[in-house]
Amino acid sequence: MVELKLDSISKRFGGRQVIRGVRAIVQTGETLVVTGRNGSGKSTLLSIIAGVLRPDRGSAGLWVDGVELDPDSRRTAVGWVAPDLTLYRELSAWENLDFYARVRSLPWSRDRAEALLEQVGLAGRGHDLVGTFSSGMRVRLKYAVALQCRPRLLILDEPTAMLDQSGAAIVEALIREQRNRGVLVLATNDPNELRHGDLFLDLEAGG
Amino acid sequence: MNRRGLAFWKLLQGPAMVGLTLLAYFWAKPLNNGFQVPEAARIIFWHVPMAMLGLLWFFVAGYHAVRFLFGRGSGDLRSDSRVSFACEVGLACTLLATFSGMIFAQVQWRTPWNWDPKQVSILVLIMIYVAYFGLRMSVDEPQLRARLTSAYAILGAVAAPLLMYVVPHLPQVQTLHPTQVLTGGLDSKWRLIWMGFTVVFLGVTAWLFELRVRLAALEARRSEAGDPEDQVVVEAVRRPSGGATTGAAG
Amino acid sequence: MDALYWVLGASALVWGGLFAYLIGTDLRLRRLEAELDREKRA
Amino acid sequence: MAAVFLKDLRSELRTPSAISTLGMFVLTTTVLVSLTVVTTGPGLDMNALDGAALKEAVRTGARIYFPGQTLVRAQLLSAFFWIILYFGALTGIPRVFTKEEEQHTAVLLRLVARPSAIFAGKLIFNVILLELVAAAVTPIYLLLLQPVIARPFDFGAHIFVGTASISGTATLIGAMVSRSGNRGYLAVILGLGPLLPVLVAGINGTAAAMQGTGGNYVLGLVSYLGMMTALSALLFEKVWRD
């Protein structure tokens, strides 16, 4: 049982109020779609939901089985894919997966890594440096890193940007899979992706 | 609700200052032990309290920085602005101590600056304050700025006493500073006047600090009054049909 | 002796100025605070 | 912790960024100092020759200075060493954090890693990095500037402990600098206050080791290292987390 509670979140940068009074309650199996044009605070809101940015007011609580997760347990409960999150270019795909698994203190095996790479369509490319990957392949690897921990909360920012059709199909499958695992937050401006949503949050609505 | 104003301790400072100045010049006799110009010994009344207050205000800054980072109301930007006000007052004190010391050094050693260890220490203390404000200016986001500068203020408050009191007394470091006069050779008149000045200077700097805090509080209340943010609520809306229909019509 | 009076005069000027500034600012702040309190109550 | 350290090590080996900044800086300034600053001669060497004897020595091709330096020379050479190391450390060490920010890997790291693990991993990496640079530059320094060292063990001990002290504090300052908009020179200014005790102790300690006179600051440096590292560890989370 997973529940994400956004309670009157506000955040200002410098003198500018970026996010004001955002509220939502998302439960297991549900998807929250966040829309709004560039600069409306989507990425900021996602950072707050992920727990790496503290809001000025309000809170973003992630509850699993009735217990609120502290930042330390969020490390293994949150998966996050966004264009401005980058993996280590000078490491191979394998080494990236290995590093993230270790810092998250996840049980790790060769088979699991292979399975993940296969799931995102990167089978056999594990030993290549990420620096040599195309942008689409890098996004796929980000999905692998996000899925490593079997996230109770999955955050996707512009999920299919940079991806080809097969990539988009993988994301589609993943979104379906997430419904059994927990909560999904999806930030997008692609009208095609609105169909995934159960709840909708339009950041421009408040003016 | 607001009964702070011109308190007794503030109004007492004027007469105290007048009295102490008169005592310093007409009651205390010039010192002959170790001073080129005996009259110049009166630097003690001014210079030594200023150097001590420079450090003291750095500790005050460190205290508010600890409160900001670890205290119960952590994240409260009022603590952060207190750190910066304390640093301002402390910087003013250290600058005054330095300039007065330079004047004294000109009289005593015929040069305003001779790289005496004490001069180096106070210069570095000034540099810590300057670095604090440099760091402050290079970050825009208030919370982040407050965290970075508070952490630095704590680092500085730990390093500063070492710089002021340990480094100049290392065995290999030789100072021309007439420290022995302070520790041993002051008669009771001098000691009394010196303490009086220390207390009054502490009062003046505390008053300055208090004014800065109140001014900031006033500005914060003003902007709060004229800024109806947070009235807005952006609420997530549920899809009318309710059920999830993934994969269906796009 | 002349130098002494110069010193005393200068310090009277500096300290007088500083105290005048401190008292003036304090009173001004006090007035503004009172004003804001009154507005709040109203 | 080990993961962060290994990752940094691997990444540094493939695309050197901290070591190149640090190593090149330290190397070039050492060479520059030895080329441009007169560190021998009358007043600096005990037995330096006076004018007439100097001419004679030049004419006959004899050695123009004798070992046996004055305290002034010892302090001068020590000061050069520590100043070079200080500037090198505070330009190079922040790279381990600015690299994460520039490559946009910091945000994800903030989500997935414990702050304490990051601090410890980066700290170990930085200490090893700076010790290696110090170990590499010391022979060059000895060769080019030719100090006379009466107590080599003390000399080495001061360098070892002082270097560790610098890198401990520089790790925290690096984290601060990487989060501020101002990435280049700020670390050098920020570091001076907290690191001056290390520099003073280091300079006096190595000078005393050269001259064979009293003055051993190894214990003082070790305690300062312990205190500052504990403090840095405490403050790091506040600087790192948003």
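Letters A, B, C and D mark the chains as written, and numbering starts fresh at 1 in each.
We take it that a residue touches a chain if its C-beta (ideal position, glycine included) is under 8 Å from a C-beta of that chain, and two chains touch if they have at least 3 such contacts.
Treat the numbers as computed from the prediction; the structure is a model and nothing was measured.
Participant: Which chain's C-alpha centroid is most distant from that of chain C?
Facilitator: A
Participant: Just how far, in Å, is the C-alpha centre of chain B from the one of chain A?
Facilitator: Spacing between the chain centres: roughly 45 Å.
Participant: If you average the Cα atoms of chain B and of chain C to get two centres, how far apart are those centres in Å?
Facilitator: It comes to 20 Å between the two C-alpha centres.
Participant: Between chain A and chain D, what's the gap in Å when you average each chain's C-alpha atoms?
Facilitator: Comparing mean C-alpha positions, chain D is 42 Å from chain A.
Participant: Taking the mean of the CA coordinates per chain, how far is chain A from chain C in Å?
Facilitator: Averaging C-alpha atoms per chain gives centres 58 Å apart.
Participant: At least two partner chains per residue is the criterion; list those residues in chain B.
Facilitator: Residues 140, 143.
Participant: Taking each residue of chain C in turn, which ones touch at least two of the other chains?
Facilitator: none
Participant: Note the residues in chain D that touch 2 or more other chains, in rising order.
Facilitator: 242
Participant: Chain pairs in touch?
Facilitator: Once each pair is checked, the touching ones are A-B, A-D, B-C, B-D.
Participant: Quick check on the complex: what are the chain A residues that touch chain B?
Facilitator: Per the touch definition, chain A meets chain B at residues 6, 8, 10, 12-14, 17, 19-26, 29-32, 54, 56-57, 172, 175-176, 179, 192, 195-203, 205-207.
Participant: Where on chain B is chain D touching in the complex?
Facilitator: 69, 124-125, 127-128, 130-131, 134-135, 138-140, 143-144, 147-148, 150-152, 154-156, 158-160, 162-163, 166-167, 170-173
Participant: Spell out the residues on chain C that touch chain B in their complex, using ranges where they run on.
Facilitator: Residues 4, 7-8, 11-12, 15, 18-19, 22-23, 25-27, 29-30, 32-34, 36-37, 39 of chain C touch chain B in their complex.
Participant: Within the complex, which stretch of chain D touches chain B?
Facilitator: For this pair, the touching residues of chain D are 169, 172, 176, 179-182, 186, 189-190, 192-194, 196-197, 200-201, 204, 207-208, 214-215, 217, 224, 227-228, 231-232, 235, 238-239, 242.
Participant: Inside the complex, what are the residues of chain D that reach chain A?
Facilitator: For this pair, the touching residues of chain D are 2-4, 6-7, 10-11, 14-15, 103-105, 107-114, 117, 241-242.
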